[in-house]
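Worksheet for the structure shown next.
A, B and C are the chain letters, set down in written order, and residue numbers restart from 1 in every chain.
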Amino acid sequence: MAALAQLVLIGLLAGGIYAAVGVGFGLVWGVLNIVNLAHGALVIIGAYLTWQMFAAWGVDPFLTLPIDAIALFVLGYAVQRGVINRIIRAPLLFTFLLTFGLNLIAVNVLLLIFKSDFRSVTTAYSGAGLELGGLVIPYIRLAALAIALVMAALLAILLSRTRVGLAIQAVGSDRDAAQLVGIDLRHAYAVTFGLGAAVAGVAGGMIAMIQAITPTAGEPYTLQAFVVVILGGLGRVSATVVGGLVFGLVEAFGQSIPGSGSVFANAIAFGVMVLILVTRPQGLMGRLR
Amino acid sequence: MTSVDPQLELKNVTKRFGGVAAVDDVTFAIGKGEILGVIGPNGAGKTTLLNCISGVYRLDGGDVRWQGESIAGLAPFRVARLGIGRTFQIVKPFTSMTVRENVVAGALFGSDEDRPRLGAAFGRADGVLELVGLRSKADLPVSAMTIPDRKRLEVARAVATRPKLLLLDEVMAGLNPVEIDDALEMVRAVHQSGVTVVLIEHVMRVIVGVCARVVVLDVGRMLADGPPDVVLRDERVIQAYLGERYARRLRGS
Amino acid sequence: MIGMPASRIWNRVFTALAMAVLAYAVLAPLSSLDVLQSLGMPLLTDKLWFRLATITAMFVVMASAWNIIGGLTGYAAFGNVAFFGIGAYTVGMLITKARWPFLLALPLAPAAAAVFAVLIGLPLLRLRGHYFAVASLGVGVAVGELVQNVDFRGEPLFGGASGLFLPILAVPNRDLYFFYLMLAAAAVAIGVTWAVLRSRFGYGLIAIRENEEAAAVIGVNTTAYKVAAFALAATLTGLAGGVFAQWNVFVDQENSFPIGYNVEMILMALLGGTGTVFGPAAGAVVLQLLIQFLSGSLPITLQIPFVPDDAMPVLAQVVLGVLLMLVVVFAPRGVIDFFGGRSTLSIAYLRRSLRETSV
């Protein structure tokens, strides 16, 4: 029983990170109809920003999160406005290749700057945790889960209650009609991608506190983000959060099977994805688009 | 009305979408060599009915029998191989192919009987293009075709599959009167080549000109079945089509 | 040929060029063409050139194979590297664990890849668009991971992280042997594409690409055709993998399931022209030479100030990414139309193409 509770806890904590990574990916996919293969790279750029500020200037990693968000928003806005907008109406193979190219550039530029060494953010409180029935839950992970949930909630409110959010939703459901009512399409797209990137950046900042990072460490997150979005159902932030938590649980239980382990992260992700796609393509929570 | 030896029989065919019946308990039969019109206002379930026959949709009730055997639940390609061809209301040409290649594709597949080899398929295709009046445009890419010609191509590709029964989904929609006359000429030519034809149309004029018998659908249900002149005087049909007020006026006169 | 326009001048140029390259590649190692040698023309006589030529032929196979499922059938497969790896590991396992002779093991590489493609294709090919693309990407990643990490009674089943070492094949003139073997595989891949484009099967595949629903109602068994196309692509890719295993003598996850190959083969097919016979092959030659050049494997390398030599391979990846971006952004229609002979490449055309795809 205690072991079960432990697994659930581990799963939920990991799930918070998956939700944070998935939300931005799902927003971009749902509104822009782009599967962003560079999403993992955005995450890891955020992670390096946090690491850089911590290692060079001793900034507390939690304080770097808003800076990650702002920096990634600007980067995302620029990339969408300058590059992706130009092929947004091309067949999907092209957006796929383009975002793969962006990923390739980002990862290798990071490699040039930071080399392929493992980097980690270790603070005075990194080891501290809440003791719960023989299990220590690091405060950092708890905070990360909380931040992920708050961030998702903020994004959901932004999308449903603000002018810009409504514009994004309008663009997502009907591009041409949105244009007719006077929405600046290029700007709306760029803001959407910027928001997705900002959320990814914050997720990356949290990841830097939890695991050691390398420039290529973001790649698994792209596939996992895709699975999380499919799992929850495309189109709503809340569904993606549920998808992230469920995926965390699935992974925790999957890795607890004897003979398994973290080396099968991708295989588990893929297995879940195919199962969902074939049996329930609209996701656990969703309506079919 | 129904011939003694029906080629296609629909028995209580029903198709629902989320509780709403798009086709509701429709029963009629088509005899070999007939040319039957299916009419009805928008949303009457005409295209849904066609999709039920050609296997695009699975039935929620009833049966479709082809030459005495049930074909309900067969995949679309199997229905095509039995000799039931169809067109789409919104044309779906193979756009990277030329006109002739589109028709060749139809000839290469389609009915199981008498499948040609690649070389022979080109000969067949030219014959079909002649029949529908597209022979002179055989080498054009689809992108260079006008809308009426694309509709012709849609019919040509279906005819090339050697169907015994051809289901035509609004091939006249969006055409002007002159183009409609041309299209009617084409449908007659196809019918005279020995194919049973079901003509689904929104425009009544079309049906009257070419069909000896029409079936009228409204909100998924069958309203009438008979010769056009009789059916079009049926009060329920007039009401469904032209609204209550027009029907009253007609009654009054 | 299906869907080929009347103007075929570029096709002819390409064919002529391909023939010349082929003739050169086949004949150069056999001859001692003194004249050319004195002019400094590389003659495929040294190891480096053999390696380059063999790798290029390998990519010709993979790009042509991708073209069958991606170009002809229109399914954006992003995980074909799984078939390559399965082919490589099939040969590797049969030789190291079962002690089979290479030529007996080789035919099983494409067979294993094909069987896998059928099994995975039946569920995956029901998906469309993004869903199929990412699901197939997942296959490539997951299979590699499984191969490296699956244990059986505590022992790695497929050699684990340390990979499989194959005995060196005892044939005279080994470099030439494997070059010809890979070249033969390339010829098979191109020949198969040629034959498919002149067959009922080819018409069915292109019909599926253009409109799957319309293909079904004219009587194309879409599921069977898609799975067959996927399996055919897998067969060819698996063959390349099988040859690679024995040629390279060493097989591990990294060299048998490189995710980058997925995109490289697609980019090659796009560059040369999807849906054509020689296009993917031509694209493979061009892009592979470029990749080798950028990573410094060619005798002619470029020196960039301030960039140390060991950073060059990384920089090469950046350049590849930028190139990918430029091709995709500025000529999404242009490249295909141009090499497919559907238009001439001009600034006006590129502009129009850009306008069509941007917001």
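Couple of notes before you dig in:
Everything below uses one rule, namely that a contact is a pair of C-beta atoms (placed from the backbone, for glycine too) under 8 Å apart; a residue touches a chain by one contact, two chains touch by 3 or more.
This one's a predicted model, so the numbers in the text were calculated from it and none came from an experiment.
The most centrally placed chain, judged by C-alpha centroids, is C.
With chains reduced to the mean position of their C-alpha atoms, the one farthest from chain B is A.
If you average the Cα atoms of chain B and of chain C, the two centres end up 44 Å apart. Per-chain Cα centroids separate chain A from chain B by 50 Å. Separating the CA-averaged centres of chain A and chain C is a span of 32 Å. Touching of two or more other chains is recorded for no residue of chain A.
Those residues of chain B that touch chain C in the shared complex are 54, 56, 75-77, 79-81, 85-86, 88, 92-98, 101, 104-106, 108-111, 118, 139, 141, 157-158, 161.
On the side of chain C, the complex with chain A involves touching residues 70, 76, 78, 123-124, 126-127, 129-131, 133-135, 137-139, 141-142, 145-146, 148-149, 151, 259, 263, 266-267, 270, 311, 314-315, 317-318, 320-325, 328-329, 332-333, 354, 356-359. Contacts from chain A toward chain C in the complex involve residues 29, 35, 83, 85-94, 96-98, 100-105, 107-109, 111-112, 175, 185-186, 189, 219, 223, 226-227, 230, 259, 261, 263-267, 269-271, 273-274, 277-278, 281.
Of all residues in chain C, those touching chain B in their complex are 2-3, 5-6, 198-200, 203-204, 206-207, 209-211, 213-222, 275.
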